[in-house]
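Structures given as structure tokens follow.
Both complexes shown next keep chain A, but they swap its partner, so chain B is in the first and chain C is in the second.
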Partner chain A sequence: MIEVDARGFSCPIPVVKTTQALDGHPGKPVIVLVDSEVARENVSRLARSRGYSVKVEQVLDGYRLQLAPAGK
Partner chain B sequence: MAISSRIMIILAGLIFGALGSLLVEWGNPGNMGICVACFYRDIAGALGLHRVGVVQYIRPEIIGFVLGAFISAYGFREFRARGGSSPMVRFFLGAFVMIGALVFLGCPIRALLRLAGGDLNGITAVAGLILGAVIGILFLKQGFNLGRSSATKRANGWIMPVAMLALLLLAIFPPGFIFESEKGPGATHVALWIALLAGLGGGILVQRTRMCMVGGWRDLFLIKNTHLFGGIAGFFVGALLLNLILGHVSWGFEGQPVAHTNHLWNFLGMVLVGLGSVLLGGCPLRQTILSGEGDTDAGITVLGFFAGAAFAHNFLLASTPDGPTDFGQVAVIVGLVFAASVGFLMRDRT
Partner chain C sequence: MRGLEIPHDPNLIVGFDSLDDAGVYRLTDDLAIIQTVDFFTPVVDNPYDFGRIAAANALGDVYAMGGKPVTAMNLVCFPSRSMDLAILRDILRGGMDKLHEAEVTLVGGHSVDDPELKYGLSVTGVIHPCKIVLNSGAVPGDSLILTKPLGTGIINTAIKAGMADEKAIGMVTEQMAALNRRASQLMQEVGVHACTDVTGFGLLGHACEMVQNNSIGIEISYSAVPIFAGSIEFARMGVVPGGAFRNKAFRAAMVEFAAGVPQWAPDILFDPQTSGGLLISTSPEKAKVLLEKLHYTDHREAAIIGEIVAEPKGKISVVE
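The block that comes next holds the complex of A and B.
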């Protein structure tokens, strides 16, 4: 499983790191860890705009976003 | 949900832009209803950090932005005390962003407000801002970041809001050591309570929508996403519409309020603002808002804005309506070299 740990990074680094992970592993699900609402919103928006579904799970120190490519 | 947040940010931009126009109607300087850089510069002057008599006034709008963001962040459970992401670098980037803005004579917000008031020098400024943002994106793509912040004790996040409350007290009950302009832009202002309410409202709007006057351009080019740009577009349209209704539009380059027509240095000053803001993660307004949400790195950046404003006027770096100064031109070059070095040196090696 590909995991991006973007906790602690401020806008727009989580989005940049997620973009690189999606580009590097096309068609694969990606997990992104973030610790702020802004990062959660931005990464979710990016993933949806690229056709991924987003499942948000609240964890102890932020959010765990499961990005899954459409149709998988 | 995506649609509603999209409409929200455009609406917030429209309202905020209209407010920028109305504040001029009610008494703020021309095309300066809201200017985050100019307002920090005025506060720095009021505190005696520089002694240019025409730009000294505690602008309650800034106080309102921070306190509005603080209230909103608390209300929506988004207040998180955090920090530790390259504070020294942020301080100097903040100072140079301020210097770049004062060479142009406006922050990214005022660039839009100037354009919406017919000041065509805003075109070169916005072009510079976009180029600066694009250069910043190149560094982002190379793995640039200022490092992780971490959660810190809650009281750290209260410092900036409490400092703003103290500033408010100084504005309401000014002791002898507070300077207040008797003429010039610093003497041109709306009533304190109007400015404070406008700031509070703006602070809440921007905190909720994450509006950012540099982030909008950045996302447009970096991830081809127009969400944040909606705030910029809304802001410009709102200001332009109100300016047209109120008769505040006068098209041209020459004779514009608190402006000069040196295109090269308007452009380069804003390249520095765009680049510095992308490296910092947001424009001066966004940094101001974040400093109210518990982000102490943004708080340090705000202190950098104050320092930059003081340097800009103590060292004759800030432009005047006659144009940029020699020292100002050197300072912009130094700032560009500093920002580019930061962008280059602070890459993750993978």
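The block that comes next holds the complex of A and C.
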């Protein structure tokens, strides 16, 4: 599983890191860890704009976002 | 300032208790001074442009009240040990050039050593006490004009992410550095009911200030709002500054979005603006005249974006 740890970074860095992961692994599910609501919202927007579904899970130190490509 | 006692002064026309853009103090029966201060960390990479933008932004509060800025003082926080002084010189040159354009005299300033670079100015303006334009005073039936496009916060975030191209950077830089001077003079010529400038709270945040403590509401048509090319795409891609989310959370109870308004609309309408345009409320007839004059004087993107309504009071409705 491809995992992006964007905890400790403020926007727009989590979006930049997630973009790199999506570009580097087209068609693969990606897990993104963020520690702010702003990053959660922005990464969700990015993923949806690129046709991924987003599942958000609240974890101890922030949020765990599961991005899954459409149809998988 | 909450919790601090501010002594009453009868000559203080606009002070802390209102949500206005600057303080106004009556000196004589026909002269008041407008005072404001604003400074921030760089919003663009080019130091000269940063200086111009910071000066245009600081002057903005005086223009929003219909006043004439007269003098200014520089405020500088500079990491002198780690940064070349030539950078500071360029920033100050940018600020000076903007003040020159605005016919404002620089009278001094103050600098401190700070690991994080910041620049801005305190500005003093003058106005006749009877001619002050407040952010309250709009009446139902008024048209609402916005003089500059929205999206500077989003584009600035895209610049930080390395996603904005040179054209977008150039466009947003020129808009942020553009003075609201002419727009302010025109609104005084035509006559308006209320005005504020759109800055850190975003369009909807400042619109909320216009209806707060007034028995009016505002209806804004999101499709009529001028927006920077590219900012809708950036919002969809999640390049939205944290300030936009904070602005939205702060005013959630006052703003209602009609069904079918796309997700990017609140992102852009709450996007914090640097040196944004004037948000002006005036009668529909005068709004038409003012808009024509604005279009004629380089404010080509100025538009009527909504109207003041009697109901629901204290609310902003965003519609198609």
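Everything that follows uses one rule, which is that the second predicted complex is superposed on the first by the 72 of 72 C-alpha atoms of A that agree within 3 Å, B and C clash if a C-alpha of one lies under 4 Å from a C-alpha of the other, contacts with A are read in each partner's own complex, and residues count from 1 in each chain.
Everything below uses one rule, namely that contacts are C-beta pairs under 8 Å (C-beta built on N, C-alpha and C of every residue); 3 or more make two chains touch, one makes a residue touch a chain.
Note that the coordinates shown come from a computational prediction; the quantities given were computed from them, not determined experimentally.
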- [ ] Tell me which partner A:P29 touches in the superposition: chain B (first), chain C (second), both or neither.
- [x] neither
In the superposed arrangement, does A:V15 touch chain B (first), chain C (second), both or neither? both
I'd like to know which partner A:V38 touches here: chain B for first, chain C for second, both or neither. both
Using the touch definition from the top, say if A:S49 reaches chain B (first), chain C (second), both or neither.
both
- After lining up the shared chain so the two structures overlap, which partner does A:R7 touch, if you call chain B first and chain C second: first, second, both or neither? first
I'd like to know which partner A:P69 touches here: chain B for first, chain C for second, both or neither.
neither
Going through chain A, the residues touched by chain B and also by chain C turn out to be 10-13, 15-16, 19, 36-38, 41, 45-46, 49
Within the complex, chain C is touched by chain A residues 10-13, 15-16, 19, 36-38, 41-47, 49
Residue set of chain B touching chain A in the complex reads 2, 5, 78, 80, 82, 85, 140-141, 145-151, 210, 215, 218-219, 222-223, 225, 227, 281-282, 290, 295, 297
Touching chain B in the complex, chain A uses residues 7-13, 15-16, 19, 35-38, 41, 45-46, 48-49, 61
Chain C contacts chain A in the complex at 157-158, 160-163, 235-242, 245, 263
